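The first chain written gets the first letter, and so on, giving A, B, C and D; residue counts start at 1 in each chain.
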């Protein structure tokens, strides 16, 4: 129920503000016996981290994870796993000015109106700093999915502003700072980003995610559909404005004879559906696409109001990402993994013995 | 928690199969004192109903709503409101053949693998027949939103296959069977649909929804964001493959200086965000766009398998919609309304006295 | 979340008022493949029904269950199971008077203040009529527990006013209208009840419930403990004022050396704990005890107020039970069964592979 | 849904093991604008703390609360409040022996069978150390209830073994280490406890809790009843074996004419109901009673098994409380407060405008 908790059975509760003392999460419902160590988090947190290249924000956080509970002698015990990361690069500058201004495109205005109070330091709770803990929780989800179900989740940047990939080689993704699936374009992307940064502006992006290895059967109709929960999970990421499953919006102009995936003896012959039918996984790869808006924190001035209703000109001088979509790849992967582990456990709960019951009626699933 | 329940405080649980004896829902958490009568449901159910024009399925259901509980002397009492609709046009044909075949593009295959058993009659639970109850529940949500908060939700067809509207006149929407916002194109749409029906094929569609009158402050970060819940709500509708908020996927190619909505003394100067910032309503109109795939039930034969793994050729001879997106307009509206009433109640729970607390800190919201 | 829903994975939503057109429930999350027929409900509903002996209310309801969904060819499909019972003996007397009076000991006063409106006919939603659907849902839970887990739930009357059983023979319970575990006392009970009915008064009762066959491991610490959920489930039954697990309040005066159950090679040597340790089943029989207050509907007049604040004398002339605890036995059993099936599914979700993981660490559970 | 989370709208998630690095909690859904400082927790944590008198365990924890999030400039912001307490007196003794033994009366056996692994250090997650965070969260709940609703919660020891209070003076409770409502008996209690400690045994206790100032209307029928949630909340406390509301088990032997509380012009004339009717608060004081079993950690040896199934003799040499019920008073208060704030917010959500609607029907609540 709580709005800072994600998942029903593998439930992740995050907390913390961008410039508060710490961020963290509590993961409740993790199956026991999974090996987890502090080092496990380093890889994905580094993929999400700022300060690694000139193309991301200059904020540099160590992102050292402390495991506070739920792990004994290296194994999960089934009790809540609390993870803590201290904020170390939260600059102690004066927030007096920003505290009274609404930055256009940010949540300042809406938090103010909702709560009547807001933590203005670096965006407070509305900062993408929160997504660090999604990635951390996602590490555990990914590990369980890989070890128990042989399911792998991979994301990549599928569009940067108006640039689209000239090829689709997922093995290239981790070898460049843009998570781009076509190595030959990397110099072009670097030049594009350099010009963008110089201009003081930002740009949107599109992220693709695929999950391989899913068995058929994950997902709960009607309001707990696999695609419905993916949509919510991905839309909840900062700056996301759209989510597609399978062919997504391209389906609008398709004919039914074109979209429906034929089933041959060896399996499905195409994957327009993106691996989901009726809200349940079909056993095909799960395919999602996510639209990120350009960040609104710019050096370029913009008209706005302050909390007294007076006009102000807002200029963001702090550190920011010219394209937030790039670092969002591990976040998208994490959210997909969190949906999948939760659905896997829910499926086991209701249908864990489907194999057993099946033979009781002739003609049913063997 | 339950997967056939939508909403946390205004919780709608639906039940029923396409060709079972009845469909229905239970609405728990409705505020007391709202006037509700059986007649209130007629208008929106008729908008969703088949059998009204030649462009939709020929199935004709009376869709008469019986209020079983929760209403006393015409007013809601705060106890669960149960609504029941008997299925009257469920044809008693032989389902033996379809029961053993997986129709491509349908949920047959996935239900079978998940549950080891499925009700094959008209798609059973996976049929869009279920959405009737969403519309019914949405009627109550819309009424409360209108009466208590002056919030209105309206949907329209914003694309039919490759045809896009030549104008955007929402007053025209209810005057044509396509919910089309440009009356002059209606003959073109009729011809298109006639040709489509003749071909035996189907086509996708795009639906737009706007909600006007929202106050700023509805929506709960982080995992209960207004846009996140809209995404889930809309993606859970049968045949939906994509959801956008505000500019959606167009944001990918936008610059930050273009996307962020300036705030002038008289309010926001544009609405690229679509009425949501940081997961909380901004007070601007809420704008969503939804992609519907073409229906997979076609007269055109398609390769598939039966439950024994043997190849079959599937032909759908039953009644179906050549474009399911058209009748989806009231369904989309209903889902948006269900999200909004739930968020409105949640906002009242946590922040119902924000006006009271605010003066306690200088410089805070007056 | 919804307050008329019980259970997290096996989620039962009930609806309906005492004198409305119908009562019903929706059971979401039932495992597929369980054989369920309308006749299955008859036995337990008859045990709960009024009008069978002179010791219970004269209201006679047929309690015929219609299965509206979720069952196909006699088997559950995994989709929501909706059950409907039409009210047939709701007398059409004038409620004008009772509608304006608060009956002491009833929920009239509190519903009025909470909702500002209430359905006064037979107590509306606050009537024990609602418990009919708990019993119906419990039938499905009991069946699954018996077939899949060999778990049986049995209740009995363990105290009637000041009379306590002279013996504890559970095989006698179903052979007398008092669910009494000592047949020799039945004439005494009949005389007691006759005198009570003649006096126009009512009396409280205590109900015992035992569940046999539980494996160790069901129950989720900390806030989803097995005993915590049993307490909530049983306390939610109309007229319940107390719940005990194991030795319950007798534990207060016990010494630790007396209360803790020794474990010998053949298992536990006593069961003061009542089958739960740390909120998790120990594999011993689960033992609960429940206190029912005397019904407040009496022929004897009592001072009260009407809704205008004026003093009135309330006399209940309608049908009522002199001891509501008697008919509560199947209700208590149903609530225990609902807790157990839900915990069983939750345990399977998180720990369904504990057997598999265990060998990975030396010295861990084999 | 998550089992380590308590509450639906004011949701408290706790984490941590007895001898792990830290314990903590995340409070989600707290209304904004409430003043909270680290010092606020000291008083109640000290009431719960061990090591203050010779009558409790010798473990001495500083219990210093660090507020990690959700509070800005001393006020709650509406975002999650994370509280952290480092464990400082977790002794680094060898747990090898205890890790292989099941201590009778403890959760060792059940955790082992559920999870296949357990943290044996000081009972791990099943230790009452966890209740520290309930008390901390309860401090915030109590503060809000007092400031916003003028509701106060107070607990006391109402029985110690076989000793019952000779008077009921709640003003005396905080002036003695036993929370005893009759000062004259304190020497008797001290002598009793000294003898008990000397004997190496332990004893049970009964705790009373009253909440004053509740308005009528809090509580959600049917499965979210105020008394049902209190029962669950209190039963979830370590060592609790029974819960009563109002007259509780005494109701069993009462007559209806005796139990039902008359309503006079000036209000209710008695409070057998304990402040709840139909699951909703009546405006009378809320009265609960809780049974605590004697702790099972004793110097006296007891037969048990080890994890290999071999018989062992268990002797607890560590620190423990001879009567855990004494320190449970602030824990019981906290759990009652957590139930109340959650119900208060839920009531505001659904019925926040009942005053407005009421006049629409003649004869309804003014």
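Quick note on the criterion: a residue touches a chain if its C-beta (ideal position, glycine included) is under 8 Å from a C-beta of that chain, and two chains touch if they have at least 3 such contacts.
Chain identities (UniProt): A, B, C, D = Chorismate synthase.
Just so we're clear, the structure is a prediction, and the values are computed from it rather than from any experiment.
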Each chain counted as touching subunit A and subunit D at once: B, C
Chain whose average C-alpha position is farthest from subunit C's own: A
Selected pair, greater C-beta contact count between A-B and B-D: A-B
Inter-centroid spacing, subunit C versus subunit B (mean Cα positions, whole Å): 38
Chain centre separation in whole Å, for subunit B relative to subunit A (CA means): 25
Distance between chain centroids, defined by C-alpha means - subunit B, subunit D (Å): 44
Residues of subunit C touching at least two other chains: 1, 3-5, 8-9, 14, 29, 32-33, 75, 78-79, 114-117, 125, 221, 346, 351, 354, 357-358, 361
Contact set on subunit B toward subunit A in their complex: 1, 3-6, 8, 14, 99-100, 102, 104-107, 109-117, 125-126, 130, 159, 161-162, 201-206, 215-225, 227-236, 238, 240-249, 251-265, 269, 272-274, 276-283, 291-298, 300, 302-305, 307, 309, 311, 325, 346-347, 351, 354-355, 357-358, 361, 363-365
Of all residues in subunit C, those that touch subunit A in their complex: 1, 8-9, 29-34, 73, 75, 78-79, 148, 221, 345-346, 348-354, 357-358, 360-361
Residues of subunit B that touch subunit C when the two form their complex: 1-5, 7-9, 11, 13-17, 20-24, 26, 28-29, 32-33, 66, 68-70, 72, 75, 77-82, 84, 114-119, 124-125
